[in-house]
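The structure that follows is given in the form of structure tokens.
Per-chain numbering from 1; labels A, B and C assigned in written order.
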Amino acid sequence: MLCAQRLTFRYGRTPVVADLSFSLAAGEVLGVVGPNGAGKSTLIRLLTRILSPDAGMVTVAGRELGSLSRLELARIAAVVPQAAGLPDGFTALELVAMGRTPHLGWLSQPSRRDEAITEEAMRRTDTWRFRHRLAATLSGGERQRVVLARALAQEPQLVLLDEPTNHLDLSYQAELVALIRREAQGGLAALVVLHDLNLAIRACDRMLVLNQGRLVAEGPPAEVITPALLRQVYGAAAEVLHPPGLGPVVVPRL
Amino acid sequence: MLSDPAALSTATAPRRLPLSLPLLGLAVLLAVIGLAASVGAVPISLREVVGAVWRGLTGELSGPLDTIIWQLRLPRVLLAALVGGSLALAGVAYQGLFRNPLADPYLLGVASGAGFGASLVLAFSATVPLLAQLGVPLVAFICALAAALLVTVLARQGGGLPLVALILAGVVVGSILTAATSLTMLAAREQAAGVLAWLLGSFAFAGWAKLASALPLVLVAAVVIWLSHRALNLLALGEEQAAQLGLPVEAFKLLLIGAATLATAAAVSVSGVIGFVGLMVPHAVRLWVGADHKRLIPLAGLAGAVFMVLADLLARTVIAPSELPVGVITALVGGPFFLAVLRRSSLRQREG
Amino acid sequence: MLLFRTLLIMALWLATALASPYPLTLTDELGYTLTLTAEPQRVVSMLPSHTETVCALNGCLTLVGIDDFSAGVPNTSGLPTLGGGLFGFNLEAIVALKPDLVLVSEFGELAGALRQAGLTVFAGSPQSFEDAFSFFEIIGQLVNRQEEAAQLATSVRAEVAEVAAAVAGRTPPTVYYELDATPFSVGPGSFIGVLIAKAGGQNIVSAELGDFPMLDPEFIVSADPEIIVLASHPHGESAATVAARPGWATLSAVVEGAIIELTSEQVDLINRPGPNLGAAVRLLASFFHPDAF
């Protein structure tokens, strides 16, 4: 679904993303973790062509990223951005409906089908019940789900989520992760940048560990997250516990 | 005005707004135009007004009262409506572009450009006959467009138009042109009062010709802005997210700036720099009907037109047959109006 | 006894006649008191009407400097012009001339700045019709030409009276006097308004509109003035541009061609409350009642 080869981006002289290669298949949740400054947000920007790579290539749904128009790209890939500040004055429904824009011409009216897709996206994210509330009145968790609904309304094959659980309460975090996994089961490919390691372990099928723009490790979380890696990448001393049935749990040693 | 706070907090039902709000707005505008055409420095009865309009349409004007209604008052009122609507639309575009309710159509140097052009003509017509031939509106229009172009060129960075760069360039170009205008006023001191009066805005010598020259420009701009309603909604999410939703952001910004500048320049060149309308009307209408540009654009345009017709009516009746500059009225009346709107909206937010 | 009293009276009279009016103390329009210890020999005038008045009182030779706008006053060529136009006033040049007296208007900061530089300054300017005559007297006092001042006042009043007599009994035509194209006009209480009245014209502007009202064109059209005077002509307005204004083509003045395009000299003449106001009234009267002049 998504394939990046030797992706490189420099800010001035400093490489922010260096020689990054990975792939993502449909129905898979790929987690991206790493310390601050590892290049995670930049990666998403590169994948949505907000930034242009200095070297390397990205293919999306079999087509080269550079050959797609903005509109074509928006029909394939949707972004759930970091700490989404939603503009005042729009209702939740209006915001989610914006996700249909890549499928509408600039001059055409939303059809019944568009409205149905919007509603479906909102029901799947449990945001339909407050669809007429203004954005300013929504809680952090509700807002994040609205943004996810908007991404789903785009009918994407690929969703890129940039730290979607920042500033969210624990219950909302779990909710969101469950949502993402559910959508992936439906065939969506998801790339999730996460700050919280434990959440990432639970959220993803495979994981990329970035450090200073380079890929340091790749694979299922259980294989990838080891105390040695944590020491190397985060400079932290931590225990990795393996309670039965839960997957690895990272506990920092004080 | 809206609203029932309870309805907002349960929010399973859409906000209660009359469906045909634009139609209602149009009706209000027509009524206000009728009112303004009937009232003025010279008392003329409603029957005579209607008769004069009829005779004007059929081409059988007779007498000074007919002349006053058909040649002076009616075009003046219509021009006020056009200018008001045009400034409001430009305001909607700029506020959507900059995602800031403090943005107004004069941010990118249009007003200072037009002012400078007008001051040149008013001050130097005697010594430079070409200026007299071209006339204030044309020179003001050209200078307004030139100023906006200069701002855009100065702000260009790496193939894009960063908003901050636009604002800074606008400030720079604006200050230079304002200083140049002051210099011009000093150089032709007897004309200073005239330049000042022009800068404060006036519809005094409206006339059908001015209306005809401004109308097509405003219409083109209005159509472009209307067609951009969905794009403007996307832009409210921020440029990055709008791009990720498929909007060609830089190209769209250029288009929008072009349309809004055209509307503003056309308005300012025929009426002077009338402040407040482009800033307040879109903001007030947004607080009332929400941020969806599909609703906001037509309603702001209509509201701007109504507001300007009423402001001009006040300007020419308050101390009739003397006049106040319209810009003074819009500022004095608009200030408290805005305060009321602000207070109501903050009340609404506390309850909602 | 009678002889003694007569001699005493004659002596007193002689003493008064021979007495110098100096040192002279006056208060100007800014409330400042100035003292002249002798008749000023070096006078700077920074206002055209003052320049005209000084010259009309035979004091032209005492002038050592004038402002830019006074440059057109006769017999002043060759005098240094000290500012007043684009770049403000040339304070240093004024001080360098070491004037005994500087005549300035009460507006602006020139008076204060010159006083601080130690000069003797009289700040004031004639704003109304009667002001013009008061200033003949004041300037006459300042430059020790009271007799000439009295004569000037008399002759100007006579000139005005002569014009008034010539137009007396004739129906005054209605007049619209355009200061500039905004449109700004003049009220009857202003200097120009008074001139218009004395010249036998009927200003369409009435007193309650003030001295310099900005008019609604509707009002002008409905008043249908018989004569339109364009003081705005030096800045581009003409009979043609007036006729092109929406709704103005059918005005009587336009149809009859009764539109007076003033030259900038004529505008200056009418604008200045000074020794030439008689000529100004006569000029206006020649427009309003051409057959009488």
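Note that a residue touches a chain if its C-beta (ideal position, glycine included) is under 8 Å from a C-beta of that chain, and two chains touch if they have at least 3 such contacts.
None of these values were measured; they are calculated from a predicted model.
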Number of steps on the shortest touching-chain route linking chain A and chain C: 2
Per-chain Cα centre nearest the global Cα centre, belonging to chain: B
Chain located farthest away, centre of chain C as origin (C-alpha): A
Chain A and chain C: spacing of chain centres that average the CA atoms, whole Å: 81
Averaged-CA centre spacing for the pair chain B and chain A, given as whole angstrom: 43
Chain B partner contacts - residues on chain C that touch it in the complex: 85-86, 180-184, 209-210, 212-219, 221-222, 224, 234-236, 245-247, 250, 264
Sites on chain B touched by chain A in the complex: 8-9, 11-15, 99, 227, 230-231, 233-234, 236-238, 240-241, 243-248, 286, 290-292, 349, 352
Footprint of chain C on chain B - complex, ascending: 40-42, 64-65, 67-68, 70-73, 75, 121-123, 125-126, 131-132, 183, 186-191, 193-194, 197-198, 202, 204-209, 316, 319-325
Touch list for chain A against partner chain B, complex: 45, 48-50, 70-71, 73-75, 77-79, 81, 84-91, 94, 98-99, 101-102, 104, 106-107, 129-134, 136-137, 154
